[in-house]
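Same chain, two partners: chain A is paired with chain B first, then with chain C.
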Partner chain A sequence: MIVLSSDSMPIMKELDMVVFRNRLKEFAVKIGMSLVNQTKLITAASELSRNMLRYAGGGNVLIEIVNAQRQNGLRLTFSDTGPGIPDIDKAMKDGFSTGKSLGLGLPGAKRLVSDFDIKSTVGKGTTITIIKWKNG
Partner chain B sequence: MKLDTAKLLQKRKKQILELWMKNQLVDFSLREDLMSNEELTVQSEELVNILLQSLNNGNLEDVQSASFEPLYEVLETISRSRAKMGYSPRETGTFVFSLKDALLNVLQQEFKNDPVLLLEESLKVSKLIDSLGIVTFETFIKGREEVILRQTDEIAEISTPVIRVWDGIVALPIIGTLDSSRTQVVMENLLQEIVATSSSIAILDISGVPAVDSLVAQHLIKTVSATRLMGAECIISGIRPEIAQTVVHLGIDLSGIVTKATLASALRYAFSLLQLEVRKLNLKTNQL
Partner chain C sequence: MDKIPILKIGHFLMVAIQVDLYDRLALSLESDLVQAVSKTGAKGVLIDISSVSIVDSFMGRILGNIAGMSKVLDAETVIVGMQPAVAITLVELGLPLKGVQTALNVEKGMELLQKKIQFTEEEEIDDDSTLQ
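Moving on, here comes the complex of A and B:
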């Protein structure tokens, strides 16, 4: 996989999410992603960045344009140094939430993107990488 | 040596101020429309006074020490007020950095026989002003952010108008991101308007909401529940195709809520609930 260009930004408050979503939209438009896929990616990113904000008090997100098998896509890496997720399997189930939300953030985000990878260490933090291909 | 410089600058305070004012007044970034020259002089004098005072108490080599606190405070106030008045970063930057020219100019005159000392002291003064410059920008941006935050609040307030579309039908077009605080405003406005107009149907139009994620959906569901508790039916309209697909993938269940693609179809549905009919006039029978 080749990284064509990248941008990194912190998410420390709710306002940052708006900026991040707009930036992501710019990237998606740049690689010519369809409106449906754009919306899916932005929604997934919005779920993940909100999780980061709510449970880890903020973190950092890396936006990259990647290319593999002649296809362009966007790869997002959300990393925080929060409390971490003790049971990832449970967190990935629909309707499970330690907060008062619908519990659809993580599993929903996974369904919305092409590739989803989560790594978490309790006490150290969580890193989630998602990829959405232009036509995926 | 440091005391000498401080004392020396103190002695030539008037000249520094004059030079600084001259620098500011000739600069093209001078904004007479925002601040009169008298005000500018007062502001500059205040800053020079506190700067020289800090230099007397403190060590020029340690610009982070506590004796410079009051100086930073004054600078922060000035910078913040300038941000609010609409100065550009360049104009605010010039304000501080033109002081450097004035100070260096005085040092140059004083130490012209001792280049080594001149260089040494100039570097110190330069460093101090640089750190003042950084503080200025930090607060300037903070001041701007405050303005943005206030505007965000204002936008949230004004962008949730409840429209009375028909007798017994109110509509609320939501434009922009729906976050927790915004939902609160939306819900309050809507519920109040339902009571005020004794409406039985409320239409929430989300055409202008860029993305519906699980939190937005949760807020919508809550608003609908609250409307129902008030005895009114709530219709959500303006669900675009891409939003519909996203909501399905996300796994959000909106089946318990009446949703429509457009405001027009929501209105038609509302009319049918109220047993109203909109039709073309039959001109022939109506002609007198």
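Moving on, here comes the complex of A and C:
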């Protein structure tokens, strides 16, 4: 996979999420991503950045335009140094929440993107990488 | 902080969300709207989301809360103008907009509210007559 361009920003407070979503929209428009895919990607990104704020006290997100097999897409990497997730399989299930919420964020985000990868170490933090292809 | 204006039209309250909501703004809309329903005794709430390009689980939950709490206060809620891309995304996200009615546009939403209110009024009249 080739990285064509990138940008990184901190997500430390709620308003950072708004700035991030707008920036992401600019990237998606730049590569000509379809509107439905844009909406899916930004919604997934919104879930993951909120998780980072709520459960890890904030973190960082890297936005990259990537190219593979002559297709462009966006890759997002959310990384935090929060408490980590003890049981990833459980956290990925619909309805699992330690925050008295719906438990939809992680499994929902996974359904909305082309590729979803999660790595988490208790006491160290969590890194989630997602890819959404322009038309995929 | 920004505020989203709430309009009163007859028996209804109407809100047009013109900006992408951040969480705190959505929460303040929720409490303002529920307070307005209780204060005005409105029978219906119409929320126009045609300018909203992203509805995530948080925003979806707020819409559900508004509908649920309004129901307790005897008011129906209709969400109008959801963009097709948003509707598709919500299904895949897996968010059930429980108890939330939707309509294509403001006009259709108003019609729906009007019908629902007539219906409950008729029911009440029926109830009274069975008492006699």
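Here is the rule we use: the second predicted complex is superposed on the first by the 136 of 136 C-alpha atoms of A that agree within 3 Å, B and C clash if a C-alpha of one lies under 4 Å from a C-alpha of the other, contacts with A are read in each partner's own complex, and residues count from 1 in each chain.
One rule holds for everything that comes next: a contact is a pair of C-beta atoms (placed from the backbone, for glycine too) under 8 Å apart; a residue touches a chain by one contact, two chains touch by 3 or more.
Computed from a predicted structure; not experimentally measured.
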| item | value |
| --- | --- |
| Chain B versus chain C as contact partner of A:Val29, first or second or both or neither | neither |
| Partner chain(s) touched by A:Val122 [first = chain B, second = chain C, both, neither] | neither |
| Partner chain in contact with A:Met1 - chain B first, chain C second, else both or neither | neither |
| Partner chain(s) touched by A:Ile42 [first = chain B, second = chain C, both, neither] | both |
| Shared chain A surface residues [contacts with chain B and with chain C] | 14-15, 18, 21, 35-36, 38-40, 42-43, 46-47, 50, 94, 101-102, 104-105, 107-109, 111-112 |
| Residue ranges of chain A in contact with chain B within the complex | 14-15, 18, 21, 35-36, 38-40, 42-43, 46-47, 50, 94, 101-102, 104-105, 107-109, 111-112 |
| Complex contacts: residues of chain B adjacent to chain A | 148-149, 152, 177, 179, 210-215, 217-218, 241-243, 245-246, 249-252 |
| Touching residues (chain side chain C, partner chain A) in the complex | 20, 22-24, 53-58, 61, 83-86, 88-89, 92-95 |
| Residues of chain A that touch chain C when the two form their complex | 14-15, 17-18, 21, 35-36, 38-40, 42-43, 46-47, 50, 94, 101-102, 104-105, 107-109, 111-112 |
